[in-house]
Amino acid sequence: MSDETLTADPPAESASHRGSGGGGLDRATMFRWGVRLVIAILVLTPPFYFEPSWLRVGQYVMIGAVGAIGLTLLTGQAGQLSLAHPFFMFVGGTTYCVLGSEDAPGRVGFGLPSLLALFGAIAVTAALGLAFAPVSSRVRGVYLGVATLALVYVALYLGQQWSSLSGGTARGRPSPDLNLFGLHTLKAEPEITIFGTEFQREHRVYLVFALILLIAYLLAQGAVRGRPGRAWRAIRDSESAASALGVNVKRVRAEVFAISSAYAGLAGVMTVMWYRLLKPDESEFAGTYSIVVAIAFLAMILIGGLGSVGGAIAGAALVFGLPGMLTLTIGGSEMFGTSGAHAITPTIFTAFVYGAAIILVVLFEPGGLAALGRRLKMTFARTQLGSTLLSPKGS
Amino acid sequence: MATSALAVENVALSFGGVKALDQVSFSVAPGTIHALIGPNGAGKSTCFNVISGVYRADSGVVRVNGNDVTGLRPHQLATRGLGRSFQNLALSMHSTVLDNVMLARHSRTRGGFLASGVRWPAMVAEQRKHTARAVEICEFLGIERLLHAPVGGLSYGDAKRVDIARALATEPEVLLLDEPAAGMNAGETAEVAELIKVVREALDISILLVEHDMTLVMGVADRITVLDFGKVVADGTPAEVRNDPEVIRAYLGEQD
Amino acid sequence: ACGGDDDEASSGGTGADGVKGGPGITDDTITLGVMTDLTGPFKDFSTTLQAGHKMWVDEVNGKGGICNRQIKLETLDHGYKADTATIQFPDLEPKVAGFMELLGSPVIAALKTDINDKQVTTMAVSWSSELLDQPYVIIVGTTYDLEMINGLDYLLEKGDIKKGDTIGHIYQEGEYGGNGLAGAKHFAKENGIKLSEAKVTSTDTDMKAIVTKFKGEGVKAIALTTSPAQTASAATNNVGLGLNVPMVGNGPVFAPALLDTPAANALSKLYVVASAVPYTSPLPKAKELAKAFEEANPDIKPSFTVQYGYAQGLIWGQILNKACESKDLSREGINAALKASDNITTDKLVSDLDFSKPGSPSSRDVYIAQVDKGTKGGLKQVQGLKVGKDAKTYKAPHEGM
Amino acid sequence: MLLQVSDLTVRYGRTIQGLADVDVDVPEGSVTAVLGANGAGKSTLLRAISGTLPLHRGKVAQGKVSLEGRDITRLDPAEIVAAGVVQVPENRQIFGTMTVEENLRAGALIVPKDKRGPARDRVYELFPRLLERRTQRAGLLSGGEQQMLAMGRALMSSPKLLLLDEPSLGLAPKMITLIGEIISEINAAGTAVLLVEQNAAMALKVAQNVVVLEVGRLALTGTAADVKDSPELAALYLGGHGDSHESDAQSDGEAAAPRTPVARRTLSKWQG
Amino acid sequence: METFIQVVVNGLGKGAVYALLALGFVIIFKASGVLNFAHGSFVLLGGYVAFRTQEDLGFVLSAILGVATAGLGALFIERVLVARRPLADPIALALLTIGVDVILTEEIIRRIGLDIPFLGSPYDGKPVHVGEVTFFRTHLIALAVGAVLVTLFFLAFRYTGWGVAMRAQAENREAAALMGIRRGRVTGTAWVIAGVLAGVAVLFLATQDFSGSGLSRSTHAIALVAFPAAIIGGLDSTGGAILGGAIVGLTEALSAQYISFEFSKVAVYIVMLAVLIVAPSGIFGTRERTRV
């Protein structure tokens, strides 16, 4: 990607060197908080306006965003190409189900509290990511990309073979409810009413996902701007230099792979919650944990701008969100044929739009949406209003 | 005799048929500037690579402050007070200058994914302290204006300064500089020479220097070792080396 | 897709004619949902299935509809993708009284809990007996396990296989193949026959390795629970590698388009077992439908799903009529009508169906047809509706719960 | 006039100005030296001539480069090479994964087949070290060896105009002398050379004309003899401290503070 | 024993086609550093054109037309999309190929509609029996064609300036431009060749000897199976592509026979992982070595 995308934003700690000094509530800070407030409102209010279908699209986007953040850390920041996300999603989802549900005939379950199961899933995927170190710290570039593809096949195979854990391809196994201190996220009943507003299941799932995404985002952003991020970018650019400066390259490579795996594992848990079902795929080319999904994640982080955490979310909105949104807007439309051998059905149309969107992004903004955002910000900063609001001294 | 800051003893390394280093021995006395010179391909950078753990020598021993460090990995050496710059600028071209320099503080600071992620206050405070130091070093090298510029857009000479700043930022006891003045004109080279001296004085460290600019070498070095075809062919004070006929023949050429 | 319209549709009140309404019911229409695959692997299958639906809808509406209401279908294509279907479902569900078609095992699996939560009666286009524990899911006809048992019974009767023989079974990963395998296992156990299993995924198309293995093991017949493409490859290699044994497969293993491929000649030893009539069945109703279909769709290759789709309509018609009689077209009313239906008939397009015993397949009878290039639709009926001896005794997974 | 650069202004990205209104002439058969501090725009000038600016996200904003009267300002680099201009870029840029020999082959792609062998022999004769390392991966050569290879690769073709960006970078004193001799020799054979050098002594020895750049602008043009003979000029532009001629280009055109003189810079010991 | 021989014969036959596909990946990767995800759709494109024209033109002409279309299609994509972004990172270009792949595949599958397109009727489905062992003609011809094409390519690569130019420009665009190498020509040629190889491969892939579905989404997917073949051999090695193809074909066939069919795909990847742990750049791939 273009140079710009690969640059981390200047580290937060360095702000003091840019002369903003004082630290009081200057206009820039106010502006920043204002922007955050607007985003928070935009993200948190949809449950009150949108229908369940649309909320599901939103939830799905957030799953993609969490996974994509993990991948952008690994691929964008640390330069390790990985297609193994579906594998870790699958493992995360499976672990959550195994830990969180009761033992049943033909199905292993530990019946742990669901929150514990959630963290267990993250821990297990992180550990597995670490266990892949012999490959992830030795193999590089495209070779690593295809090597990680092996894991997708392993997931497919294990999902089929190990049905006591996965539930088998035929039926899968239901997701345990996420019980957040008495709040049943996934159960249809009871509906909770707060301040006269009904919180249906889709509302609850949406808000819980938003919370997870927020935490995932903040952690990643902090790491990127801080010490780990510097090490990642350093090994991406020159391993020997990084190592001569005191970075344990093998360890950092293994660690970032594990972190990325944990993100994927979390996305896997969310996936299971979204479907309320864990179901291994029947084939490697179609399904929830398939190669198509691996490529979709790659597309997200590239569209978003390699290495950019915010961009990963934007990329997820496009890649995971667009098809759903199109389905809902044009799904039953008469404009498209639904019969006949060669009809352009909404599904095909959606694929065209998706493909075209990818091409357009690369052609017109090779730095991804993150670069576009930066550019808009720069343009805004040059306007009268922008310069007053954004100038560090608020002058 | 005080233990030397850095000692290379009978180090040999060959690549295929090429003997890049052939029983090389020399030592750097504490607090001195020691130059390593020799024709192109003589094995100077290879020697640096062996000292800093990038290459593993076929035989021989490397000591830092008297301790045997042979075979340690580069990052282990970095934490033992060995800092180095690179002949061909191994910088992160897409990162900012400050980012590049801060990397050198990696092993001196704590803070993994979670601590950085939640911006653990103790960690943030520590990072701030180290950032201030990184900025101080950049000011010292005269690149403070470029702190937030991506390295990729710098001119060659400025990039070279970033590389030196980064080596300094590891807070080394022994500093290895590989051609720090390459790509600089006479005035800038004099500036670098001055900086090297200041560094030695202010930080009280030992410096091993590879450089082809004789004005610089002769001006700053306390002692010089000359390599040719992987062998030490001369070792002495600048004055001795300058007049060594073997050195003139192999390296300096007929000066006018 | 914004709110508003579904409020009227889902008005739980009672209509002008005193019939209790529900989602998808208005005073003059009954809306049924269709979630199908028009772009993915089941494109061929669904295209003709939709034609069958349409024939039924037109016919019923021509006669004044059901319960004085016109039937309307809301169709969505999910392309065999569970995620798309998961998003579509909450959008479509409030608008419909029930689902005329829900296709695709990953989709059905993903929507199972939603279907239960919303209590929406759903006709699944899947014949897995694994689904029989679902109170709101209708399976029309015999399940895959029973199809397979019936088919193998047929070969046994014919003398193609006997006790002590080995037979090979190629089956697809997932609900479909798993259920077929359950049948084959039952048959093998009952008859002292050795079973060599080979699992494939839906995207595998080259069966050469498997047939080579079967040949090495000396199998006497090949059972298939596969996709048509896989069937074609298995058949070609069966002949190509010189194995040449009879093959028997579940309903979905065959598609008429295969007869236009080079595999056509190799397919003549394939027997297809299904609870729906073959396209060219001599049955009068089947003939009538075939004729109507060809007139309306000259450019689409015919297939048995034309009649099957029509039969699905007939079944829904009987359920809705029953619900109408009880003056209750609400979701509960429809499901109660389903549960009370112990003898639904479809002019023999599908065997008679009994939905009153939860866990038990609605029928055990099958048609057996042989692939025949000369026949339209490619299948020549070789045995009318019949239950094999092992099929009678077989106990489905959720039976007797 | 072989090469005429007139009124050239170059920008990197949208705002960074690399060169402003620069005029340089390279007469046929001459050696012209380009001198200047780090960041003065020397490499930028060569990139503008060889057409490789776009590869650095830069573009010619104004002005013109013409070769023998033909406008080559926005031509593709390959076409400019075909027109007879070959550049040895800054920082070597050899093909690291290819062997020494393959690097030389890559240098001779535009040369008729029968000329390739002799050209290669000549390079090996000039740099026997390269002959010794013929089958070695170029990326594993020492810095100086790579520099020799970069030079040798350019010598494989016989251009009208050779652009050299710091050919003495990282070379031992003896090798620098040799490079100087080689430049004079190919110049004598008819090739004009535009030479960017930090080693002013060597540059002044081989060059007839001198151009000095300062913060992207032309500070001086003259003959080598003039510069050598004028101690003030020499001190000001070639030997003096770089402090006064600092580039302000990076900081969006804002006037930047010059580097603090070395004498006033200090570094305290780290008290960690 | 016969079974074993049969298994090996099957494996090598498939391996030849994998090698053709793998070589296509390798060439594009070598010339432009791009991992081409659209390779599968080149396969579909060539196959589709050959299928639609074979009734009118006969097999030979339609095959030539199909191969040519695949080559030109690849060139078109290179010219219109890839070449437009000379500065883009190879990964961004890989993304571009994903976009192209989605559209092209979806469109061709839509056009195929309910047809089941088969190719290769002159040699397809006419096995030769030698004792108990069956040789499929499709496999034999694929082996022969593969050997010839790969050798030709290898020679061209070795002994013409084109090979050097290609590697030079993949490694350092600026330096290559300064050698007078025209980027467009070199990458353009590479894409054409890759497209042609894909077009040739489909003439074997869409046969009943190879698949039961003719040309379908699965054909497209097979192109992805060639990934491990390219990787095992080493992405920048032509000889490696051949070896990789053979290894993948044999691993698949042997593990399907002696372990289980469903394991065979995993087996291929496990073999690949094992190779990579020992040789991180494949068997013949140039080890990424840098010095400081």
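Which chain is which? They are A, B, C, D and E, in the order written, and residues in each are numbered from 1.
Here is the rule we go by: contacts are C-beta pairs under 8 Å (C-beta built on N, C-alpha and C of every residue); 3 or more make two chains touch, one makes a residue touch a chain.
Remember, predicted model here, so these are calculated numbers, not experimental data.
Visitor: Show me the overlap between the contact partners of chain B and those of chain C.
Guide: A, E
Visitor: Which chains sit in contact with both members of the pair chain A and chain D?
Guide: Output, common partners of chain A and chain D: B, E.
Visitor: Comparing centres built from CA atoms, which chain ends up most distant from chain E?
Guide: When every chain centre is compared against chain E, the largest gap points to B.
Visitor: Select the chain whose centre, defined as the mean of its C-alpha atoms, is least distant from the mean of all protein C-alpha atoms.
Guide: Taking the mean of C-alpha atoms per chain, the most central one is A.
Visitor: So how far apart, in whole Å, are chain B and chain D when each is placed at the average of its C-alpha atoms?
Guide: Their C-alpha centroids are separated by 27 Å.
Visitor: If you average the CA atoms of chain B and of chain E, how many Å lie between those two points?
Guide: Each chain reduced to its C-alpha mean, chain B and chain E end up 48 Å apart.
Visitor: Provide the C-alpha centroid distance between chain C and chain D, rounded to the nearest whole angstrom.
Guide: 76
Visitor: Taking each chain's centre as its mean C-alpha position, how far apart are chain A and chain E in Å?
Guide: About 32 Å separates the centre of chain A from that of chain E.
Visitor: Out of chain D, which residues touch more than one other chain, so two or more?
Guide: 57, 140 - these are the residues of chain D that touch more than one other chain.
Visitor: Would you pick out the residues of chain C that each touch at least 2 other chains?
Guide: Expected reply: 39, 47, 173, 199, 201, 203-204, 300.
Visitor: Can you tell me which residues of chain A touch two or more of the remaining chains?
Guide: Chain A, residues with two or more chain partners: 3, 156, 160, 238, 240-241, 244, 284-285, 341, 343, 348.
Visitor: Each pair of chains that touch: what are they?
Guide: The complete list of chain pairs in contact reads A-B, A-C, A-E, B-D, B-E, C-E, D-E.
Visitor: Help me check something: in the complex, which residues belonging to chain A touch chain B?
Guide: Within the complex, chain A contacts chain B at residues 3-4, 6-8, 10-14, 16-18, 218-223, 225-231, 233-234, 236-238, 240-249, 255, 259.
Visitor: If you look only at chain E, which of its residues touch chain D in the complex?
Guide: Residues of chain E touching chain D: 86-87, 161, 164-165, 167-168, 171-183, 286, 289-291.
Visitor: Once bound in the complex, which stretches of chain D touch chain E?
Guide: Contact set of chain D toward chain E: 50-52, 54-55, 57, 76-78, 81-82, 86-87, 89, 93-98, 102, 105-107, 109-110, 137, 139-140, 153, 157.
Visitor: Can you list the residues on chain E that touch chain C in the complex?
Guide: 3, 6-7, 10, 14, 109-110, 114-116, 118, 121, 124-125, 127, 129, 132, 134, 136, 207-214, 216-218, 221, 252-253, 256-257, 260-262, 264
Visitor: In the complex, go through chain C and note every residue touching chain A.
Guide: 1-3, 38-40, 47, 50-51, 74-84, 86-92, 105-106, 109-110, 112-113, 117, 128, 130, 172-175, 178-179, 199, 201-204, 299-300
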